[in-house]
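Worksheet: one structure, shown below.
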Amino acid sequence: MSEMSKIVRTISNSLFPFIMIYGLYVIMHGHLTPGGGFQGGAVVASGCALMLVAYSSEWVFKKVKESNLSVLESIGAIGFISLAFLGIGVTFFYNFLVGSNLLFGEIPPAGPNTGNLNTAGLLPLMNLSVGLKVIAGLFAIVAVMAFVASRGMRKK
Amino acid sequence: MFTLETGSGFWNPIIWIGVIFIALLIAYVIRGFGRRDYKRDTEQTKPFLSGNVEPDKELVHLRAKNLYWGFKETLKGYYEILRKIHNGMVSDYVLWFVIIMCILFIVMGVL
Amino acid sequence: MVDIIDVLLTHGPALIIAVPLFGAFLTPLISRLNDKARNIFVIAVMGLTEFIVLLLAYDIFTTNGVHTYTFGSKQPLLTLPSGYLVPVRIIFEIDGLSIFMGIIAVTLALVASIYSWSFMRKEDGLDKYYTLLLLLTTGMLGMVSTGDMFNFFVFLEITSIASAALVAFRVNKGESQEAAFKYIVLSSIGALFVLFAVAILYGQYDALNIATLANRIRYTFLDKVALVLLVASLGMKAGIVPMHMWLPDAYGEAPASVTIAIVAATQASLYALIRMCFTLYGGITSVATIGWILIILAMASIFIGVTMALLQSDFKRMIAYAAVAEIGYMVLGIGVGLALLFSRTPYSVKAIQGGIFHIINDALDVGLLFLVAGAVFYATKERLLDRLGGLARNMRYSTIFFIIGALAVAGMPPMNGFASKLLIYESTYQVSPILAVVAILASILLLAVMVKIFHSAFMGPPLVKAADVPKTMLIAMAILAALIIFFGLFPNIVVENMVKPAADALINQATYISQVLGGV
Amino acid sequence: MIYNIPFIAVVLLILVGLATVIFKKNLIKIVIGITIIESGVNLFLITLGYRENSVAPIYTFAPSTKMVLPVPQALALTSIVIGVAVMALMLSIGVRIYRSYKTLDVRKMRRLRE
């Protein structure tokens, strides 16, 4: 796959930050509004896929290496399991941050409310780590597939 | 302690090994009654192949595809059916799953 | 020291999936440092998991108890907080049968990781390989220990994805890709139908917990549909004829170390089938019909498996078809037990014991044979029996291990396969003598299959150059061989201490339910 | 009747998916068939939790307290995530199969049989 035209590249360049922001918002607001780690991660990964289409898989692999992506993915997964392990004093996956007045430690009022980001305990942190894993994993899948396909095309 | 009750009988490997050992002992004793006047590696111990020289054992070793030829030849019709069933197509594998599911539906009284 | 053991026992059900999962994602990071460190790390993680599983098993088998674990609640045992009608959290419920299958899964995975040290040394991408192997272990342990239907579906999918990816590990071989594709297509369709059944049950009873569902189930029309979907799809994943076609492909083309892990995965699916029939639908008399169907399918598995095995010319494929026949024996024992579950005859209990005992025997025997097949492939780079010969001259230890495994698979006394098959024969004879006769005849044909392999690969003129395999592979085979001989010489110890509690846990549905719902 | 339409759609989707897997001979179409079955099952899950005149189960600025059941949605979401992984794996294996067989036709993908 070669680079696409300058128009496409410029528009993708300007769209890319907005997609990123939106994806990160979906990850960060996962415990309040629809979304969460996977959905937001998929949005961010699709933003990366946009760059992949606009430029080329070779260009992308010059910027990020596949092995680094897999390390990032592992870090996300390890973060998730470590957060689950932190509650092992009580039970595995125990949400010890709730009501502790630490980070994300507030208890929201029951029923409809205005939404407080500083609630839900471990869930936002878990959303973050899942998001990290999904970004790295999905982007690696798309990028490697594009790379393999483009290499196959060049052979012909 | 070593006896496994199997419902209508029992199974004890230790006794089994003992029995086999005794049987081997008896066989050895019976072997002792045999004739001692034969000579090894003479014409006495070689198989008689219509006067031909016996070929080396390694040359007449049967290969895997020839083993059980008679069995396969007898069950040829059965194996033809099995060959047709195992045709290597993934869609047909899924079809078998659906067929079994339909049979189960009928037997369990859903359809 | 006692405190640590207590903590391990309390949190054991969570730790047996958490430890391999944690290890799985740490492996890519460690393998950036050093290959040897990674191998040691993986074996250590497997060993730790095995230790926890054995500790739990000791506790469960001696006290005949059930371990429950509620994820994320204030106490691990708090399955039903006051004011709740149904358990809302994910609950792990480990009884005798679960931990029995857990022992099989983790033992085979540990042996596979030891075996891979030398066997996979020359391959690329080993960090992914070990990650997938640990994920597969996690999936199997989760499948056998979960008490939640949807959670079970998730672990089923983890197992199928990990094992399909492992089957496809040798990416440059077209055949292994083909086998992996067939495997993933069939297992994902099967898993989707499991999910459909779970959704049907959820829609009717508003619960996902197996114990709650078993308590509430009324056997309506939709329950019948769910039962059929569960039996058909889990039966396919367990490789029952005529849904076995993926099995020889996947078993034959995967690397040997992967194959034995997939053997355990297949048996985990069989466990799920048993669990659904006996525990979820255990209170309904019509489930005995499923038992009769299982008996018919088991006879087909035994006969078709063994006759197809005679036809093969590929070492691993031949053992794979023999494994299909072995699955038939297990299903036969379970089917007889299920068909006669409500008559409570003593031999139905014996049949269930025979079936369960045969599960662990089959895992050891077939596992050992696959490892020997892998060793032959490692030494000669050849899998076709026609091109092999005279291996007994140079591969002495592997030959001995092959003889042990072959006799055990064929059910020759005094090996372990005989003890469990005897239990199955005697109880099926009570149902119908024809069944027992066919089963015994098929067992003789299995011996013929093993003789064919032994004759053409290990005897005769040496056609290929071979030297015996490295030590770690021999150690892995020796572990399985030692277990086979132990199980063969002392079947009663195993049956009394492991199989009987497992069978009792399976039959006593009320204990399983009251453990979660508190004596309802 | 009107409330049964989603369930009829579920059964139809699953049957269409199965028919696609069984009768189409292209590897990619088989993968598509599996995703059709999966969407049928997901639709079933979502339909189970539906209540008339209710809102999505989000408490942030919720207009009324009558909400649809959130659990089936969580289940469907999990199943979608798993479906993505399965599809990625199947397509990657498909790429490798095309490399060595030079075809996507399952009728020619039969080196392993008998």
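Labels for the chains are A, B, C and D, by order of writing; each one numbers its residues from 1.
Methods note: a contact is a pair of C-beta atoms (placed from the backbone, for glycine too) under 8 Å apart; a residue touches a chain by one contact, two chains touch by 3 or more.
No experiment lies behind these values; they were computed from the predicted model shown.
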item	value
Most distant chain from chain A by Cα centroid	B
Of A-D and B-C, pair with higher C-beta contact tally	B-C
CA centroid of chain A to CA centroid of chain D, Å	23
Length of the line joining the C-alpha centres of chain A and chain B, rounded to whole Å	58
Averaged-CA centre spacing for the pair chain D and chain C, given as whole angstrom	28
Numbers and ranges of chain B residues touching at least 2 other chains	82, 86, 90, 94
Set of chain D residues in contact with two or more other chains	18, 21, 30, 99, 109, 111-112, 114
Category of the chain touch graph - line, ring, star, complete, other	other
List of chain B residues in touch with chain D within their complex	82-83, 86-91, 94-95, 98
Chain B-touching residues of chain C, taken from the complex the two chains share	181-182, 185-186, 189-190, 193, 221, 224-225, 227-229, 231-233, 235-236, 242-243, 245-246, 286, 289-290, 293, 304, 307-308, 310-311, 313, 346-347, 350, 384-386, 388-389, 413-414, 418-419, 422-423, 426-427, 429-430, 448, 452-453, 455-457, 459-461, 488-493, 495
Touch list for chain D against partner chain C, complex	14, 18, 21, 27, 30, 34, 37-38, 41, 44-45, 48, 71-72, 75, 78-79, 82, 85-86, 89-90, 93-94, 96-97, 99-101, 109, 111-112, 114
Complex contact set, residues of chain B against chain C	1-4, 6-9, 11, 13-14, 16-17, 58-59, 61-65, 67-68, 71-72, 75, 78-79, 82, 85-86, 90, 92-94, 96-97, 99-101, 104-105, 107-110
Residues of chain C that touch chain A when the two form their complex	11, 14-15, 18, 21-22, 24-29, 32, 69-76
